[in-house]
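Next up: the structures, one after another.
What follows is a pair of complexes built around subunit A, which joins subunit B in one and subunit C in the other.
The block that comes next holds the complex of A and B.
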């Protein structure tokens, strides 16, 4: 899910930027440093939408750098266990398939794909029901439930399932 | 990270911080990101180069999965859903997935049926009807 939250960060600024453009420099640096990053607690920072306040700077001993506490609003994407969302299938293999929901990757293992769907290899690997009515392949849109998340320093990775009511393919690229 | 083990969106356990935070539906994110992208386009020749991969992927995603395109419709969806005493998170899941039946809505957002909350099937049905009307007249 996407959220709009307020975060705080201590920004270090080189003395050469001090002057009337100080604020501008701080904001540009903030965007460069923060947008696109990911933390386990807040998820992916998609975009900064505004700066609430910039506190008083504090000169660092020895370096001359100044630290400013900056409060900013941003759009973040944070997946949760138990959350249901829509995603685009990016890769299919016999172990299951990978899907993407915005910046996050979700793996759905073949144990968590309904039992009546069989893996078909070929140049367009896919999972298909025996009557061929439902097919999951690259670029399909699926609705899935996140059942686990793994967080490392720069990425969040999710495990999902489509073996539940109202989950599964919502859009098949071949029928478009 | 305390309490991460207990995280479960189906029971609305998403942590104090996110529970209080403002959630955004895909269509709202789409408006925000497209606006930001347009601003970038004005200041730089190659805006795609300026944005992070996270931004690019998010923009593609929300464009693909926005149920409502027109900004007025987006505003209406939030207004209508906010009449039903939903948590921010529940509101956005419903706005994103647009379930068609009461059963589906409860499967998508199990927390609306938990004890002590005043959502009977009738209220949910009415809410879904209101939602589909916006879609129809968009």
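The block that comes next holds the complex of A and C.
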């Protein structure tokens, strides 16, 4: 699920950036530092949409670096248990398959794939129904439900299922 | 509005789900004596034969301790089978209820003037909530089925993996770091052995060996459980189907029900010409009125209490077993037509002073007659009648009697 929230961060700026463009430098550095990171609490920071305020800088003893408290708005993405996501399959093996929904990696193990789909090894490993009408392979798009998340301080990993109503392949790359 | 199919539903559900419910607290020792399993069924069965009922009356009918009954009812309230209402009421409030009860019983209000109390008491009433019961039962069955089915398909369980070499365990959440570069299989972090999927926790408990067998056994067990459930709940489910399109009996809140019942009673009473005393007597056990749904059959609840299946007594047999003292039935609004079946014990009852109301429209002449007559009867209640202001309800009764004699 996506959220638009306000976060705060203490930015350290090198003295060489002091000058007319101090503010721009600060914002650029903020984007570089923050976008794409993941915190267990808020999820993945997708994009910064604005800077609310930059507080007074504090010069640190010995280094000359200055610390600015910065408040900024950003879009974050955090997966939840029970959430339905659409994801792209990245790898298929006999244990199941991995998929990505944006920055999130999701693993679907083979017992959470419908029983009528069988693993086919080979050049392009895939899961196929007995009549061959549905096929899950690399780059397939699937709709899945998250049934478990592992949230560490800096990463989020999910396991999903496609063994439920309305879940499964939504777009097959071979038919495109 | 047919109640019968819904009552059957309640009875089936009671036997299916609440048969071995014990409402005793956990701290109490379980002795044979305190074992009150099956009480839930008895109470629910009794409630199917009533509409709104005062809990004390129900307790008396079931020969249960009111505390015990209350505990059971509270349990049912939590289970959403029963709606309850508590209110502080005076004698007047109790009278409204009695009138309503009498109205449902036979469409005749009756006065039980002697039983009034001046104090406020909190009375609890309870009633089955059929609409909710229907939903509750359906939801319960749905949950049971879903749980078994989910377990059967291993749905929503996190896959576990085990290393056959070093017995190290992983689960699906570790998957990302287990994938090996070479073949894409899962490999143990410590010994690089290829991991094997552990099908479910049950198998895991029984050890790695023969986990396929364990899994199969477990599946069979679940399957038979599901089948058993289907067969055992079949009567209940078919009853649910039958009830599905029927209008649900709705009694409304206690107040609404009372108002409706007594209104209906008055309507019936207005045109009824039959006023024979055998029909108008509707006093239940110990003078407690019981409402009945449609038919006026009395069920012996104390018999039920011992064996769940009830003994059916006809109305008249019930009457015989009850010692009914007095029955005064006012037919019209004016109360001209009076049926008095008097017994010495009750008619001689001395009314307390608070019962005496002012402004009763009795003439002096009537009072005189009453005095005379009561002297002829040798009644002990006439002692205070020399006072003109003491015109009691009993006076009223007697004056009417006197008028009838004339």
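Rule of thumb we're sticking to: the second predicted complex is superposed on the first by the 170 of 176 C-alpha atoms of A that agree within 3 Å, B and C clash if a C-alpha of one lies under 4 Å from a C-alpha of the other, contacts with A are read in each partner's own complex, and residues count from 1 in each chain.
Please note the rule applied: contacts are C-beta pairs under 8 Å (C-beta built on N, C-alpha and C of every residue); 3 or more make two chains touch, one makes a residue touch a chain.
All values reported here derive from a predicted model rather than from experimental measurement.
With both structures placed on the common chain, the touch criterion links A:77 to subunit B but leaves subunit C unconnected.
Contacts of A:143 after superposition: subunit B is touched, whereas subunit C is not reached. Applying the stated contact rule after C-alpha superposition, one finds that A:16 touches neither subunit B nor subunit C. In the superposed model, A:56 makes contact with neither subunit B nor subunit C. In the superposition on chain A, contact of A:47 is made with subunit B only, not with subunit C. Contacts of A:36 after superposition on the shared chain: subunit B is touched, whereas subunit C is not. Legend: residue contacts after superposition of the two complexes on their common chain; A:164 is shown touching both subunit B and subunit C. When the two structures are aligned on the shared chain, A:101 is found in touch with subunit B, with no touch to subunit C. In the superposed three-chain model, the partner touching more residues of subunit A is B, compared with the other of subunit B and subunit C. Put simply, subunit A uses residues 149, 164 to touch subunit B in one complex and subunit C in the other.
Those residues of subunit A that touch subunit C in the complex are listed here as 91, 93-96, 98, 105, 107, 109-112, 115, 125, 147-150, 157, 159, 161, 163-164.
The touching residues of subunit B, when paired with subunit A in their complex, are 1, 7-11, 13-14, 17-18, 21-26, 28-29, 32-33, 36, 51-55, 57-58, 61-62, 64-65, 89, 92-93, 96-97, 99, 103-104, 107-108. Contact residues of subunit A toward subunit B in the complex are 1-5, 35-38, 40-41, 44-47, 49, 75, 77-78, 80-86, 88, 100-103, 141, 143, 146, 149, 164-166. Residues of subunit C that touch subunit A in their complex: 153-159, 161, 172-173, 175-176, 179, 184-186, 195, 197, 199.
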